[in-house]
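I am attaching a structure below and will ask some questions about it afterwards.
Letters A, B, C and D name the chains as they come in the text, with residue numbers starting at 1 for each one.
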């Protein structure tokens, strides 16, 4: 018998994507008027579960109860009718429509627009007042900030009279101030009797905002606990399945001469918005500089500019030689020739060609290397395959078959291929972004070891990661990035998550660290 | 150029612009919903054949029109099946359907009439005949405007006026109705429509069907109004000119009208090299006039006269993802 | 969705597509009251049943290899070049200008120069759409369509007002000099044992086959080809790897246009021996079907070109000896493009399901 | 077995090619024989078509249209045992018969008819592809018009410069409407399949038209003044009759030989008064007798009565 005090109850939900079992016999109950958190590693199946609840995917098996009633949700229309609203990780807004048009889309009254628009304007005014959700109804979405776009998404759900609101990783793209504002809004909604399901990776947010929390691991639901009765440590253990020891064993650094020197680096995006606002730092041989920060504060642009993927201004020198920042000699090939290797943040989008075989991917970016050529005309594919086999064995890529296309390796193994390719080129400087995103614990440890080993060979490493733990445990020096600028440098031994978190939110930490830019 | 010549050119322009306009509006609906359609030509051709054949066989132009729309719809739905249901390459599908239509029309017409892929000439009720607008005769003597009204505006077939009427109608549907809002949205961001609980597939099929209907009108106009019967390859690339006009008009209905009138005017001019020569005081090669719509479209595409930004989701099959 | 085994993906998918196209074609024939069996017999007999038939089949095949390779080359760079038709016609112009410019002493010299002329003119016609795509993001499909029409207009103008000899009525250039006459297969020792009468298939066939090897080598054995393929698979990734998009788009399209242009040494120099209006006769478009059918691999392209050569010669024979209009071959062409290019997902789903059935049966039996 | 190849425009163009088709059909009906036929689809196919028919043993091979001239010149020597006949073009080969017509004479007669029938004093001429052959039609026509009515104005248009101009009824119709706007009330179409559109538009607009090559009077009864007959059918019929004994050389079919003329039947009986017919017939007799010489545009590329 289902409980009518429950807003949502899912029973025995399973979903497979081909060979991948994304959800396995999931049960979860969400009481009415609560904020319910869901955590889990990348790929644990959180988004899949919520997409099933929202009618976006169809479950292979299982039942959904809304307000105690068994409810079939074959499509999003049914979910909306059942009072469920969802704010996706990637917003579903029409960029060149106005806020109002986006809000009524799919929920229009009658075949003509003018009545719907007039009504929506009224409702919107009320909602904005009630929930601190003010947006300009006639603004185009493309002119709004990310935070405001998210408000539009929430308003969309509320306009459809959602009682149950699902938010999938809502803070990943927000500044700390915006995130705080969001949580205030969510509290307000909860006070009005709404039920909220919040997916996040951030234990801090779970602890601060939720009433209950469910933990998913590898497609299964491992536990649901009251937030007040748990601790971050316990949640982390539940998430990963064993005690998390993100400490990397490493000797103290012995920094040598300056390898990379960056001065006043500035980057504009295609909309001419300045994303890097004058960044200066340097990295020495045998040193890992970690860049911490909330995603979207310029870290990606920093890697792109250094890796030759984006035009920039300012000055960078590698071992005292100037590198051009635009025009000839500023592309990825030139950077590699100069001795910069680059593990990109998004391996699917940049680091690999998924349809290419492993050996073709090992030549990716290095197709001009002399050892891969037979003569001036032809490439030496045989040598390339041999080299690939060697690298795959060394980095324990499974299966070590150079002929397999990249897409048939799991995420962790794909990442190992990329890391092997870049590290094995024996670069002067390694740029490495989100090295362990979507990678399992075993592979994380392996990759971390490789990074440290490279450092110990006296190479310079620039590490960018949104995982603070990773930054803390790997870096010899930490810089925090906020709004396209570096907020300061810290010694990992002499700082803590609190201080870094403050800096990531745009506030200068209290204790001055060592290692400022020269 | 004297006034009479100008009127004659404009009269010709209106007739020649009509199939372009109908096809252009047809393409507009499909492309605004995110389905590229380079198969306008094929649909027009199929419609022209079907309408010519049925109008001849039944003696009724209206049945011919219906048959034309039906034939065009079949091609439109195959395009929908390929590009919406099976998420195939929309451009390749369009190319394929153009070939299919070019061949099938001749095969069928040859089978039916044995006249080398032609339908027999239509007459009387089997054709859309010119309509004389009210007061055309009596106002004819009014200086300047009278002849304009009589020569240029009056005296066209019903479909010409229908095409002109479809311009504001299309604008209104796109901008003032629920369907239009959703249609535009699905061409810009289908995921937004999907998560709003509206069927992307349904909307796109609706749009593709409208394209079919309008191409049907365009083809029927060719065979039963502009001409009296179908002839092999009678659309002669008009589907591609309509496509060019659509880009030229940046996917907007009212601009489409002007683009089609402009391209129709070029076609009318190409018939009168003597007039062109008299006006520009120089011999202009006719092929240049023929190529002018394409050249202008390339110039627009190159972004020299404002940038033509197609619907953002255009050409991409919709695959669910988060 | 389960993946298909590689051999099925490479061989079975195109074959099933072809089969579907053939079935529909047969239905079309039945519906217009013709016998598909008889039509097929006429086609086989006319295209493959005699040295004469082969002479034409191979002649068409030669043209289609060039245009198929042209489409393939662009496809690997992620570019859909529909402009083969215009590029081929401009290539014809190049051939004509070269052949008419000198009283060529020997065909080998003329061929070398004409090949260059064809490639350069074809490439030049592809250059503007390529540049607009690379630098201004203008959709190459639309610009190449427009350029087909512009090419046709340019040729009409040149043939009517510039190249037409005085006193000639049809819009065509003058006849090429004797020294620019290419040996046809019936004049080549060895081949003349088979081809005893004049056939249009000529030495260009060997150039086409050589180009297939060259294209294969470029795409899979050189750095340039590696970059083209990488760029075609993923543009952002190519940027990460330091592949210059402008360079790749330009080079791939110039090669593509050059290949399309080169078909003109077959038809303009080898057969017509003068430049005619619409000399390419739709071969540029058939290149799309050939490339799709051949799975964008030179070996596949050669085989598909042979198939289409058969289809074209067979179709001409249909027009000659039966009451089936010659347009039948356009229908088949459209169907092949539809099934191999636009409904390939459907075919693949179908096959996957069939394979799935086999697999579950095997499991059940085990 | 004889064979015939129709030019672009097809055998059902109601005009030039259809005349040839009728000749072939007449032969088939009378002799009970069969013949091979082929329609051109594109410029580049001509040589293949010719070779294929010769190869298949067809003899004689008849082709309609000047455009075959060049390829015939190269193909004929390869098949010395096959006889060829070409219409509208002179090809000097030992096994080729070239049939040409004096279109200017026939056009002169219908021009007179137009001049006499016109009430506005303005008549039109719409040619197909702009080539000297078609100018010969236009020039003869203009001379006839002026002979009947010295004050008359002749509006001349050509449809295009490529063979596509033979088969573009849409353009033909637009040109006819344009000529009507310029005052023309009789329009002569010498444009193959394009003429279908001209005659249609003229009928729609309520003015008269003149057909060409075949008798097109019946296409719009009461609206087609007459047709300039060019007896392509006779040429084809004769060639088929001669069979393998086809005599090579140039064969000029002129007015005297009844190779050209104008058409009278019940469809246009009401349009042509006895006086008109008498005047035209008188001129025809003079031409046959050599008393009246109609200037041939192709003889010197000039025209005394019109400028192109």
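Quick note on the criterion: contacts are C-beta pairs under 8 Å (C-beta built on N, C-alpha and C of every residue); 3 or more make two chains touch, one makes a residue touch a chain.
For reference, the UniProt names are A = ABC transporter ATP-binding protein; B, C = ABC transporter permease.
Computed from a prediction, not measured in an experiment: that's the story for all the values here.
Enquirer: Hey, what chains does chain A share as contacts with chain B?
Expert: C
Enquirer: How many angstrom lie between the centres of chain B and chain D, each centre taken as the mean Cα position?
Expert: Centre-to-centre distance between chain B and chain D: 35 Å.
Enquirer: Between chain A and chain C, what is the gap in Å from one C-alpha centre to the other?
Expert: The computed centroid separation for chain A versus chain C comes out at 46 Å.
Enquirer: Please report how many Å separate the Cα centroid of chain B from that of chain C, as a whole number.
Expert: 30
Enquirer: Could you work out how far the Cα centre of chain C sits from that of chain D, in whole Å?
Expert: 39
Enquirer: Two or more other chains touching the same residue: where does that happen in chain B?
Expert: In chain B, the residues touching two or more other chains are 117, 287.
Enquirer: Scan chain A for residues touching two or more other chains and write them down.
Expert: Where chain A is concerned, no single residue meets two or more other chains.
Enquirer: Two or more other chains in contact with one residue: find those residues in chain D.
Expert: 39, 161
Enquirer: If you go through all the chains, which pairs of them touch?
Expert: By the stated definition, chains touch in these pairs: A-B, A-C, B-C, B-D, C-D.
Enquirer: Looking at the complex, which residues from chain C come into contact with chain B?
Expert: 28, 32-33, 80, 82, 128, 132, 136-139, 141-143, 145-147, 149-150, 152-154, 156-157, 160-161, 285, 288, 292, 324-325, 327-335, 337-338, 341-346, 349
Enquirer: For chain B, which residues count as touching chain C in their complex?
Expert: Residue positions touching the partner: 38, 78, 81-83, 86-93, 95-104, 106-108, 110-111, 117, 237, 240, 243-244, 247, 285, 287-288, 290-291, 294-295, 297-298, 301-303, 310.
Enquirer: What residues on chain D touch chain C, complex-wise?
Expert: Per the stated touch rule, the residues are 36, 38-39, 41-45, 47-49, 51-53, 55-56, 66-67, 69-70, 74, 78, 89, 131-133, 161-163.
Enquirer: Within their complex, state which residues of chain B touch chain A.
Expert: 175-182, 184-185, 188-189, 191-199, 312, 320, 322
Enquirer: In the complex, go through chain C and note every residue touching chain D.
Expert: 52, 56, 156, 159-160, 168-172, 175, 197-198, 200, 267, 271-274, 276-279, 281, 316, 319-320, 326
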